[in-house]
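This report concerns only the one structure given below.
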């Protein structure tokens, strides 16, 4: 992730494959860790922490989707559906059985993974646009099922209220308390994915993305690995759903609609497909964009527009910016924010001898 | 940067801040773009008259696009900026914020949507529906049908056509219960989202089931299509009553205009039309400033609901200021202020609303306006129906909820 | 008629494929372009037809001239309008279009639309097998029929010159003969100019008037077809004939030396 | 068997066919683009919405009669689609399918924002000179707007069908769809046909916008029509005009019947959900849809 290669010589393959190959990277990670462990919770206001918390949740989901779409090349417009599967699984376990968070979260993920595998089965036969629409269909079918099976949804309101998670007897309710809880899962997702992508499975995913028939010829069981990708990706989505549920206090399928699925796709595209760091950037960017637009316009737009115009302008400009940025990144910088970051990084890569 | 902004907003003197969530984009945008200007205009009107006891009101609006995470984010933002309460928009958003309201002791309003049981002020101390909830609306619709059909529903057939989402399901248990009480036959017809085609449901109602009365609880595109479809199938629109979110000008326009919708009964929790003193005052304010009144004002149903929302908040703050003797009220003061609202009519735009610590719904009043010529004409007075049954249900549900948590 | 003057072709601004190719095809003659796989024959054709542009290739030096006009900057449809049409190797029919529609598509650039129908009939006369199947999707034709169709389709644009890329590839010997007979007939009856790319040098040289041999992106040998047929190197490398039966070690050395000269 | 409510079934069938043919019209816009350029336009619903806004805006803001408004909508959409092809889609040629999907999804957001800013958030009408009195045909009650909609849709579908099958330009478009490179070698200006395909899709969207807009009223919700079209296209096969028609009719009829008979049994709206189930079932058996052509992939 962090590079300044000057003076570093690798003497084994293991060193080359290491997660953090360079000493400077270790220092950088340490710095970032200190920032997120101390600076953020101590300096940020509750409101900013709320934003950061939403980013942390989005990071888990975005990385999950990136595993499927960015690394394995299988597009999904149905991740909102997997999130609601995770959310309702956990909510039912929590409310009916009083299951603690450390069981509810993986349980939500596993159920979502199971559904993900079922949705992924057609990926053997169909691809591209057909698969995209099949995943979209799965989203509708999941929503319909939750809406109509009260055994799952807990009643006609289809909302299940969930008590806050308690860690060692502590109830986590305020943004400050939830911050560390969510940070833990976001970091777990990042580290797990970085490791996964260095493994045999990760390499198989990338082979399938780059050329699936060729991957099959060199002996990768495409079907099995595609299902792995669907399972792992929807596991992350399920976990994201549970985190949302804990964070918002309710499980509600209406908040996991197509727009959410598209939002997550936008995150990984703007961040840069097939990159964990890109997914993190994208999650932060898309979560903060509406807020930034609003704050900017309400504080500086007054010069040009009346308050009334600004109220109409803000949400619609956010839409336009959101859509426009997706198009912009696709055309101008397909590798997304991650590429911009690498450009900066490459400058320092051979520093101080960067000529 | 954001920290600096927050500081700026707080620095203004003698301002009382209310968080305001809107839906100017997203699936329910037709409502938000009309409703929110109403709230702002009323608050501007009060401010232009010197505010409430010298305090200016600031409704800080955010668009949530009907999504929950931004609603939570904005709630936290408003709370941090020192808001005395929050105007919520949307049922899932209300459910998500409910726990937080209680925890932070912040009053929040959910007029005409949200958690039906939250009319019970004992179990939902900080949530204020401040208008007829879905149960009251369903009960009122049955009562209206009963009156229209000559005072008895025995052996009659009623069709309930609903948007197939949680909010659409909400009135169903009440109507089902009433079908046993009143002895009518009930059949339900679901309109699944996105509801851009309802022709087969309409055919099933008008051609096959042929009910004596239709209760329409749909949103978005569907109400307009139902009006048009029933009309084309020769079903009398005078025997259709729409709950509050199928009762706007947009629905009439979508159906093809006033001429198509003649006789259609709309249920309102704020008066429809422009003929109210407060609307005249707002128009006068715009005239004085030399500006055109906003286009949203023509959409009287939603606009007036916005005005009503603003007015109820102003009334609550006014009450709170009597409690604090003119000092800046806390959110809890505003909560108490809401519970002091008594017989508040806003010159006829509002039902005679009385909110108490027990009853946050304010009585569950509605009024039916019928489409006649080029507008809405009152068909009934403000009324409510089967009140005991509704209140009983609110209590029972609230108790269950309390036990579950 | 057609002249390539020392052209150089670069793909992706990086890969140099043709390194100065010059050749000339005389009007009404069949010119054969011979060479092994990867020698640059197809690229040469694409440089003429303008299809390089769609593959991010570019003529960076030299010029392609046809009837006194430069072609190397023109997009493919304008090249077709000027009377040159390329026939791909591998019988690339429009698989989902019928035989007749394939032919119609071939006449796309023609202004005289009234006579397209007659032209189709003439193609059917030339290839009776196609006439029988005129309403069938081209994807279901046999290999030979498809080859006839792509040639017929090319003729639909009323070209002055046809660039034929490996028409014999993957066809049975009898069919190859049939196809080559047609090519000869086109030259004789319609005075069509043909640039024929082939690996099967024996066949190509039997109908060609003039021949070029390419290796590694350049022309290494040229001459009248009859002369080339007699050239011992051609005989050995393309016609598969040995000068003598015996294989001796010095011959291997010589072979190597000659080979090296070509690659030079 | 005999005690089935035949009259009701007939009514539902007729209704399904009418609605289905209007779905087919929207699906056609999608198919045109996919067929000719291999691109997927996920903003088809927003195209319809935007066209509706153009027509409604021309009527209400400028006071044009309906047919001039409709014409302006067609023109506006053609120009818009041309520009779009050039600015957004052309740079994405040859990129993975997800790029085009996401670009058009993004475009959908832009269009929604622009439409609200330009035309306001309210619902507007497109007053077509079509009566409200239903046409009675035996037991059938046919709303005139739906009849007109279905008529125009079918006329255009037939027109496009003829155009594609018989006309020189149609043959060329199909040739481009079949193989861009070979089409180029035949002297077909491929880029011009890409632009033409988008322009035609613009025409179709404009028609859809005017018809659906007249039926539903014009606001941002009109874009939701786009969601109905996915099962239609997939069922029929993405690259087949006949498929769009048949898919549209199937979805229309299935929706109509399921709302009439299935809904009361399960107590919920199955209308949206059944077509998607059907679509997945078809995908499992025939991944290319009923009329779609099978693609041969090269390594």
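Per-chain residue numbering starts at 1, and chain names A, B, C and D are given in the order in which the chains are listed.
In this section, contacts are C-beta pairs under 8 Å (C-beta built on N, C-alpha and C of every residue); 3 or more make two chains touch, one makes a residue touch a chain.
These numbers were taken from a predicted model, which means no experiment stands behind them.
Peer 1: Going by average Cα coordinates, which chain is farthest removed from chain C?
Peer 2: Checked the centroid distances; the maximum from chain C is B.
Peer 1: Considering C-D alongside A-B, which chain pair is linked by more C-beta pairs in contact?
Peer 2: A-B
Peer 1: Pick the chain whose C-alpha centre of mass, unweighted, sits closest to the average of all protein C-alpha coordinates shown.
Peer 2: D
Peer 1: Taking the mean of the C-alpha atoms as each chain's centre, how many Å separate chain A from chain B?
Peer 2: Each chain reduced to its C-alpha mean, chain A and chain B end up 36 Å apart.
Peer 1: Determine the centre-to-centre distance between chain B and chain C, using the mean Cα coordinates as centres, and give it in whole Å.
Peer 2: Here chain B and chain C have centroids separated by 76 Å.
Peer 1: Distance-wise, how many Å sit between the C-alpha centres of chain C and chain D, to the nearest whole number?
Peer 2: Taking the average C-alpha coordinate of chain C and of chain D, the gap between them is 44 Å.
Peer 1: Using mean C-alpha positions as chain centres, tell me how far chain A is from chain C in Å, no decimals.
Peer 2: Spacing between the chain centres: roughly 54 Å.
Peer 1: For chain B, jot down the residues that touch at least 2 other chains.
Peer 2: Expected reply: 24-25, 33, 164, 192.
Peer 1: For chain D, write out the residues touching at least two other chains, lowest number first.
Peer 2: Chain D, residues with two or more chain partners: 112-113, 116, 121, 227, 267-268, 270, 272-273.
Peer 1: Note the residues in chain A that touch 2 or more other chains, in rising order.
Peer 2: 144, 147, 312, 315-316, 318-319
Peer 1: Could you list each pair of chains that touch, in label order?
Peer 2: Applying the touch criterion to every chain pair yields A-B, A-D, B-D, C-D.
Peer 1: For a test of understanding, state which residues of chain A touch chain D in their complex under the given definition.
Peer 2: The contact residues of chain A facing chain D are 69, 73, 75, 77, 122, 125-126, 128-130, 132-134, 136-137, 140-141, 144, 147-148, 211, 213-214, 217, 258, 262, 265-266, 269, 273, 312-313, 315-320, 322-327, 330-331, 334.
Peer 1: Can you tell me which positions in chain C touch chain D when the two form their complex?
Peer 2: 49, 51, 54, 75-77, 79-81, 85-88, 92-97, 101-102, 104-106, 108-109, 113, 153-154, 157
Peer 1: For chain D, which residues are in contact with chain C within the complex?
Peer 2: So the residues of chain D touching chain C come out as 168, 171-172, 174-175, 177-190, 293.
Peer 1: Which residues of chain D touch chain B in the complex?
Peer 2: Result: residues 5, 7-8, 11-12, 15-16, 18-19, 112-113, 116, 120-125, 127, 132-134, 141, 143, 146, 212, 215-217, 219-222, 224-225, 227-228, 255-257, 259-260, 263-264, 267-273 of chain D touch chain B.
Peer 1: Which residues, counting only chain A, touch chain B once they are in their complex?
Peer 2: Residue positions touching the partner: 45-48, 50-51, 54, 95, 144, 147, 156-159, 161, 163, 173, 175, 244, 247-250, 252, 254-255, 259-260, 290-291, 294-295, 299, 307-308, 311-312, 314-316, 318-319.
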